[in-house]
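Look at the two complexes coming up: subunit A is in both, with subunit B in one and subunit C in the other.
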Partner chain A sequence: MTKGAADLRREPLKYRLRAFFGKPANLILLFFLITLTVLSLMPMITMLTNMFTVHAGTEKKMLRQGVGSWTLNHFQMLFADREWSQSNFWTPFLNSLIVAAGSGLLGILIGGAVAWFITRSDLKCKKFISAVFVFPYMMPAWTLALFWINMFQNSRVGGGVVGMVESFFGVCMPEWFVYGLFPMIVVIGLHYSPFAYLLIGGILKNMDATLEESATILKASRWTIIRRVTVPIVMPAILSTFLLIFSSGFASYTVPVFLGSATRTFTLSTKMRALIQAGYEGQGYIMAFFSILLGTAILGLNQYFTGKRKSFTTVTGKSGQVSLVKLRGAGGVISALLILFTLFFAIMPLVSFALESVIMQPGNYSFSNMTLNFWIGTEDSAFETGMPNGILMNGTMWMGLLRQVGLALTVAMIVGTCGMLVGYACVRRRGSWLARAVENLAFFPYLMPAMAFGTIYLAVATSASFKWMYGSFFLLGLVASVKFLPFASRSGVNSMMQIAPEIEEAATIFGVPWVTRMRRILFPIQKSAIMSGYLLPVINVMREVALFTLLVPYPRYLLTTMLFSFNETGYAQYGSAVTLLIIVMIIAINSLVNKLTGASFDKGIGG
Partner chain B sequence: MPQIILEHVSKRFERFVAVEDLNLEIADRGFVTLLGPSGCGKTTTLRMIAGLETPTAGRILIDGKPVFDGEKGINLPPNKRDIGFLFQNYALWPHMTVYENIAFGLEMLKWDRQRIAARVGEMLELLKITEFGKRYPAELSGGQQQRVAIARTLAPSPRVLFMDEPLSNLDAKLRGEMRTELKRLHTDTNSTFVYVTHDQLEAMTLSTRVCLMESGRLQQYAPPLEIYNRPANTFVASFVGNPTMNFIPARVEGREAGTARLRVLGRTAVFTGDLPPRLPEGVTLGIRPEFLPIREEGPVRAQVYSTLPAGMETTVKLKCGEEMLTSVVFGSVDYPVDAGVGLDVVGKDIVLFDGENGKHLSQGALQF
Partner chain C sequence: MKRLLSLMLVLCMTMGLAAMASADGVADALAAAAAMSNEELYEKAKEEMAAGAKLNFYSTTSFAEKAASNFMAAYPELADKVVYAEIDDGETYSKLTNQIGSGVKDSPDMALVQNGPDLKVNLLDDGLSLNYFPDALKDVVPEKYQDPTVATFINSLMIYNNKEGSVGVKNVWQLVEPEWAGKVFFKDPTNETVNLNFLIMLTSPEWTEKMAAAYEAYYGKAWESGEFASASYEWIDGFLKNVNYTFTSASKIATGIASGAAGNMGIFVFSKLRKVDENDRPNLTVLQFENDVDCFSGFMYNVYATVCNDTDCPYTCALFINYLLSEEGFAGEKSWNSSQGYYSPNTTIAKPEGLEDQAYVYWDGKLVFEDLDYIDGLGADYNEVYRFINVRVSK
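What follows is the complex of A and B.
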């Protein structure tokens, strides 16, 4: 290239800076670059130092070192202290791996099969199955765990409480079926199977039908087409779904708490909390760091699968009329089975919680044993319920509910707005390092299991300079906002990508200011997607436990943490009542927002 | 009056150079097309003039007023440049009706309601879409959407109208119709048009001047017929004209005043024209297919490779030694494959290019 006049006429820095700051997208990116660096890197650093320093309490005495001095003791105990590390690290770690892999496989199997039936066969009642099938995904994962216990607990295992199956059918399930790794896999796998269904189904639906049709013309059989064309094309999506369920399963805290406590089956996240509460903070932080590393590795693997040349997930076409596979006689049977299956896991939990919250003596489902005192009891019934009054009469409960809703709305406002802005700015400046950095920073919290994320903020809030934050509503809001930003920023990016830049430029040429462009052009076009960005954090906060459990000032501060304290202290009826309340509220919020804006927590792909 | 001047304008994206030291003068009320293959920098140039893209360096003046100056740090936003922009994908706002789409820009100019209604009505009538006022863009066909986009762009009466491949999303028939309409619109609106296209036919038929670019560099800026007849280099010559010009390598064997003896297609020929002082040994002859008629007694022998009759004219591909030549014959003729025919060279617009760098050397006649 010749050194022409152009090189000599490069703009001076001053004007380039002015041009840079003249674009709103750049300002937004800069703001988030700084904020997100502080909010995600700072806590990481605090946690890292905590891994290597002596903590107060027993440890100080044991090591005979001052608090805050350097030590490698945590590592030594966790990894090299034979028995201690076996029971406190290796076994929980292995359990986590088994649960994660098992639930990933199960989720893909169920979700993938349903996705195929809905998109590629002439199944009956598709609309209904699709709608009901995604329902459990909206409910907190632990509701299924609680439901499992309510159903299958029996006189021979755990606390010896009689569950519904034994009470009605006289069948006692063995312990491995009721508690431990097996039910964890089933529950987590079931919970995430709608997620697999939505992802795989979405791809199957958008996949160009001509790809399969051309194979038909070449005389390939149905089965050959599935094996040689369909599956390879959706394979990257399947792998990526598996990894996402794997990492969620690995990080799951609530399900192992419910299904593992009775048999003392620990996973990494339940152990992490136990250790931190037992004064082994350093070890707990190492575990948190370890799970963050693992999460990062999994996401890296995911990017590798979805990013490389053989990723076909974006293959879309005119997707004409797919010739549906005729199930003939089997169709009716499969439809019936699927309807029963989805109903069982969508409706039965509600029935079960309603029942459990009104019976006095657990396991006895006769009318004479029923009471509404757990709901609306007053001081007169205090003796039989063990609490001063029913939850609807209880001030603490109402305060917890109010705080939870307040937190959900606050976080939704912050996260929804930030997600949209990040999406806008990243799409407008796509390809620049700044946009890449912000997109990655906003996604970073996703890599951290909620328990680990709570842990690092705990580390910050217990450090000297941030003591004022500990146990505050502000801290909970901050943590939840950062933790739930990944989804919102992803959906922000996706929705903004759908708007061609010309749509905005056409307005720029008329001299429409930025705020007006956002308000009158971009927002209305993507209204439904952007509202979903606001809705998702509401539901996430309403059902979140792991993130808050270490950070609340006292267990009954929020509704969800209250529920856990009820269950830990043996008030199963209150627990069921609160669970039912949470589910009903989530459904109410979702359908309200859906009515108003057309946004939905998870848009079913329909029949 | 809106005259547009570009001085030493460059645009770099990190390492990639999109436009390199571009100088251009677009006359008032001109219809200038930026022509070139995809990725040549034509759209970037248009967007820089419009203010949608910031140049890395240089100066842009519209109507004598600098709208961008890298040195002085001037960079007016698009809305201060008094322009209209027509996008390739129309960029109609999907959530507004046709009426609202057209009225929006006028609202931003703070026009009163009545005046807006009158102007929108006028535009709907001009573009013959009055009956679609209440429809949404998704309910219109491609051609109708195109008309709405034009109406929206013209509504505030911009003095300069920029168009980025506005016809490429239309089918061939509609494209032809819209071409006619655009040319008419150019006269009716009395404004300057700058038009981006990769379709050389569009550029040839519409514009008063064509700016041909490749790899971010200006190749030639001239009226369409000059581009066609006196291409500045082999790239321009091959890009413009369909079927493409024949490029035949030749060797200079000797020269006298005004003539040069060439060895071409295994024969000796004499080139007569305005020759430069020095001729390289290796040259390329550029002969348009219409200057290469098939004649029984023609001096050059060739074999028919294939014949492509199109009704009005017939394109004949011929094999002459190693060279594949193209000839265009008026009317519909079907030559049998592999038939031997004679070729002649006629006309005064045979071009002589430098065999090394492809630059235009001379223009003249060729005789065997």
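What follows is the complex of A and C.
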């Protein structure tokens, strides 16, 4: 081969490389490809190896093998030991499936019905119902679980502690209603029903009404229209919503912990943590892996259904006129019932937590039994209550709050910036394998339940090379940033898709540097979407428990884990006070997001 | 590349040696501290604090927070230098084993932990934490409580709601009868290791024998082997079937039983009675104070003090442990001794008058005492016992 020929072959590569690295979008994609591979896939590999190794503590004691040595014992115990397997894997797995399916169905039923009434009927007070109905979705699901216990615990179940319903109305609900699978399904279903409302309502609102009108002209009954026209059109959205709620219900950790502990109703995620806590880490990692596999399968199925929807959409154009179903006399009753229902689950939790945080004797709601000591008490009451003073006067609480806010802001900065950059680069290099790889990698953490995701990082942070990360603020920031990146990157991609490349190209021709282009052109155009990308992770971090519970150095490190610890260890009043504090902060942040971005959860549905 | 590899190797070796040196340094310091007076230790502690150290300590007992604040009041130049963090029992050792040596800011310097067998296997045997016991107290603390150092004993007792009179329990086998189904409250032993250890202790030869004798006394016939390996296993099976797990903590059990249904009974930490509202307090009766129970009315476990091998304030840790073992530290205002259910290993410290409690020695023979050596010696059999309990708790 002559020297000239070799040069010819090398030259284009050099130019190709120069051209490749000359585009900021390529550099960004390359950076994220490497970073996300390390942060998403590497922990997975660590977790996989942890499924086959002996850990310190119980495993070491039980197996009499060195830490880190290979073993198949975790699999053997979890799947081959009939009794152990039944109580530690199969029963919790079945419970998870029941909770997931039940809450999915309930969420769709409630959310779908409300969506139909709001978009397709002449219901009264639509704006109010729509705004208040999405409230439970803003609140962390565990607040509803605690609210449920506060309301329905009674002298005939559990330990016989009187709740609000018995105290005010003298009604005692049976055990299956207060603890176990039923309340888990109700609470998770209610929490996600606004989600179903938003998705189904969006479709109903934008659906071509001429189809229903044609059916009306052809004298089809209202029920037939719903059954044969409306439902089939929204079916892909219903299936997709069901799968998303199913996936969230399956992965839920906090709700089953609060509502299942009393009756020993374990789900896969609560059992996973219990096993890890008891020192059976290897089996915990196997369960985490199993959850991830199932999460991936469910979301794959969802992609399939949402993909199919595209082929469904054969009708183009849209009728501007939507004829609303006249509810006549029933309208007032249905409106009143919906208002009562939404108020009960939106406002009552706040009332309940406020009350529970001031009463001394459980179940006694008289004024003489109330005190503000749990909030602002300054006397040295550690002896009686276990805390030196009220939560507002307590340094540990303020430190927890400070860390949580600091973590939220740090994560928001990282996630917001990364999401925007990923969005920009993926859109600019759309169609390339690099863009596809980065988009998928950024979405990957969404497939993993929060508890399982925390678990895989626990595996990394407890390995010899990364022990310096264990229990650190850095680790929490890292985990939360990767976990919440999918929302921001999807939002980044969507917002950047709306900007025509010509605008940036014009600036490039004038020699405007990339940073200036971003700062002066792209940011201002998509200001509100980018702002959402920064602010939404703040809400996510402020209410997260499952992701952090295994990773904090001690339970009272963050406000949410502190609350969890209070409730586990019996500081009920402090727990209620902190819960109320968290809800109020989340509502405040959410209002701020709405104000700054002009967006709201129910925008465009409730009118 | 070779140079890079060599550099990394040297770096790793240096770090390893530094860690070993640090652990050795702490061990030497603790050995020296054992012979020092409190005044000498205070001087050394001040030097450590002046060098930027802080004593971060983890504890499973909430009273330790009060002990820390009393300690800082007693040694004013250490004010704000002792930082307490409460830690859940179940995750104590996973947190400690991972944080010791991690170099993470504010990682613990010492800990007050329960579950001696796990302390031994996870920390002491691997050198992750070190034992410290002052020479000056060797004569007043029994030798078996010096290594590992016991900071306090805690008991969990059978306590019931007396709103409808006595429950009349005189034999532990009564608790496996159907009428107790859902009425006996006990914290999930797979989450609370001291509860687990109590059940494991029942399988020891000594308690198996006592359980068989109690069985014979109650049923009027000798226990016969069949489905279960021993009388203790049969009792554990029946007991766990009856247990109600509504309450996830001892505090919740205490307040829940006090304000809950008549006749409910719990086996929970005696000192948690302080959490019960004063209006509900008369609703509770400690079974042992009503009558003797054949063959136990609760259990006793130890809380140990242990020093992390990477601490930068070993002398301050030593001073704090001295304080906890002293009259001033253990029996000071609103300290452990002022509550029911805490007992010092220091034999010179008695329970105060007027407290509804008895001295530590009173409980010997009435409660199941946790035996570190027995549980640690179980080896592979540990898994069998744990498995037996786990599958019954999860059902």
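We adopt the following convention: the second predicted complex is superposed on the first by the 541 of 607 C-alpha atoms of A that agree within 3 Å, B and C clash if a C-alpha of one lies under 4 Å from a C-alpha of the other, contacts with A are read in each partner's own complex, and residues count from 1 in each chain.
The working rule: contacts are C-beta pairs under 8 Å (C-beta built on N, C-alpha and C of every residue); 3 or more make two chains touch, one makes a residue touch a chain.
Small disclaimer: the values here were computed from a predicted structure and weren't measured.
K.L.:
Considering only touches as defined above, state whether A:K467 meets subunit B (first), subunit C (second), both or neither.
P.N.:
The answer is second: A:K467 touches subunit C but not subunit B.
K.L.:
Kindly classify A:T263 by the partners it touches after superposition: subunit B alone (first), subunit C alone (second), both, or neither?
P.N.:
second
K.L.:
So in the superposed three-chain picture, is A:S565 touching just subunit B, just subunit C, both, or none of them (first/second/both/neither)?
P.N.:
A:S565 contacts subunit C only, not subunit B.
K.L.:
Touching A:G160, do we find subunit B (first), subunit C (second), both, or neither?
P.N.:
second
K.L.:
Hey, is it subunit B or subunit C that touches more of subunit A?
P.N.:
Counting residues of subunit A touched by each partner, the higher count goes to C.
K.L.:
Check the residue A:A56 against both partner chains and state whether it touches subunit B (first), subunit C (second), both, or neither.
P.N.:
A:A56 sits against subunit C, while subunit B stays out of touch.
K.L.:
Quick check on the superposed pair: does A:T91 touch subunit B, subunit C, both, or neither? Answer first, second, both or neither.
P.N.:
It touches subunit C, and subunit B stays clear.
K.L.:
Need the overlap of the two footprints on subunit A, from subunit B and from subunit C, as residue ranges.
P.N.:
none
K.L.:
So in the complex, which bits of subunit A are touching subunit B?
P.N.:
1, 4-7, 9-12, 14-15, 18-19, 22, 500, 502-503, 505-512, 521, 524-525
K.L.:
So in the complex, the part of subunit B that touches subunit A is made up of which residues?
P.N.:
Against subunit A, the touching part of subunit B is residues 8-10, 17, 20-21, 50, 52, 54, 56-58, 70-71, 73, 75, 77-80, 83-85, 87-89, 91-95, 104-105, 108-109, 152, 156.
K.L.:
Spell out the part of subunit A that touches subunit C in their complex, as residue ranges.
P.N.:
56-58, 60-64, 81, 83-84, 86-88, 91, 155-162, 179, 261-264, 266, 271, 274, 276-279, 281, 360-363, 380, 382-386, 388, 461-462, 467-472, 553-557, 565, 567-572
K.L.:
Report the residues of subunit C in contact with subunit A in the complex, numbered from low to high.
P.N.:
Contacts found on subunit C: 58, 62, 65-66, 69, 85-88, 90-91, 93-95, 97-99, 101-107, 117-118, 121-122, 126, 185, 188, 190-191, 244-257, 259-261, 264, 272, 274-275, 277, 279-280, 334, 338-339, 379-380, 382-383, 386-387, 390-391, 393-395.
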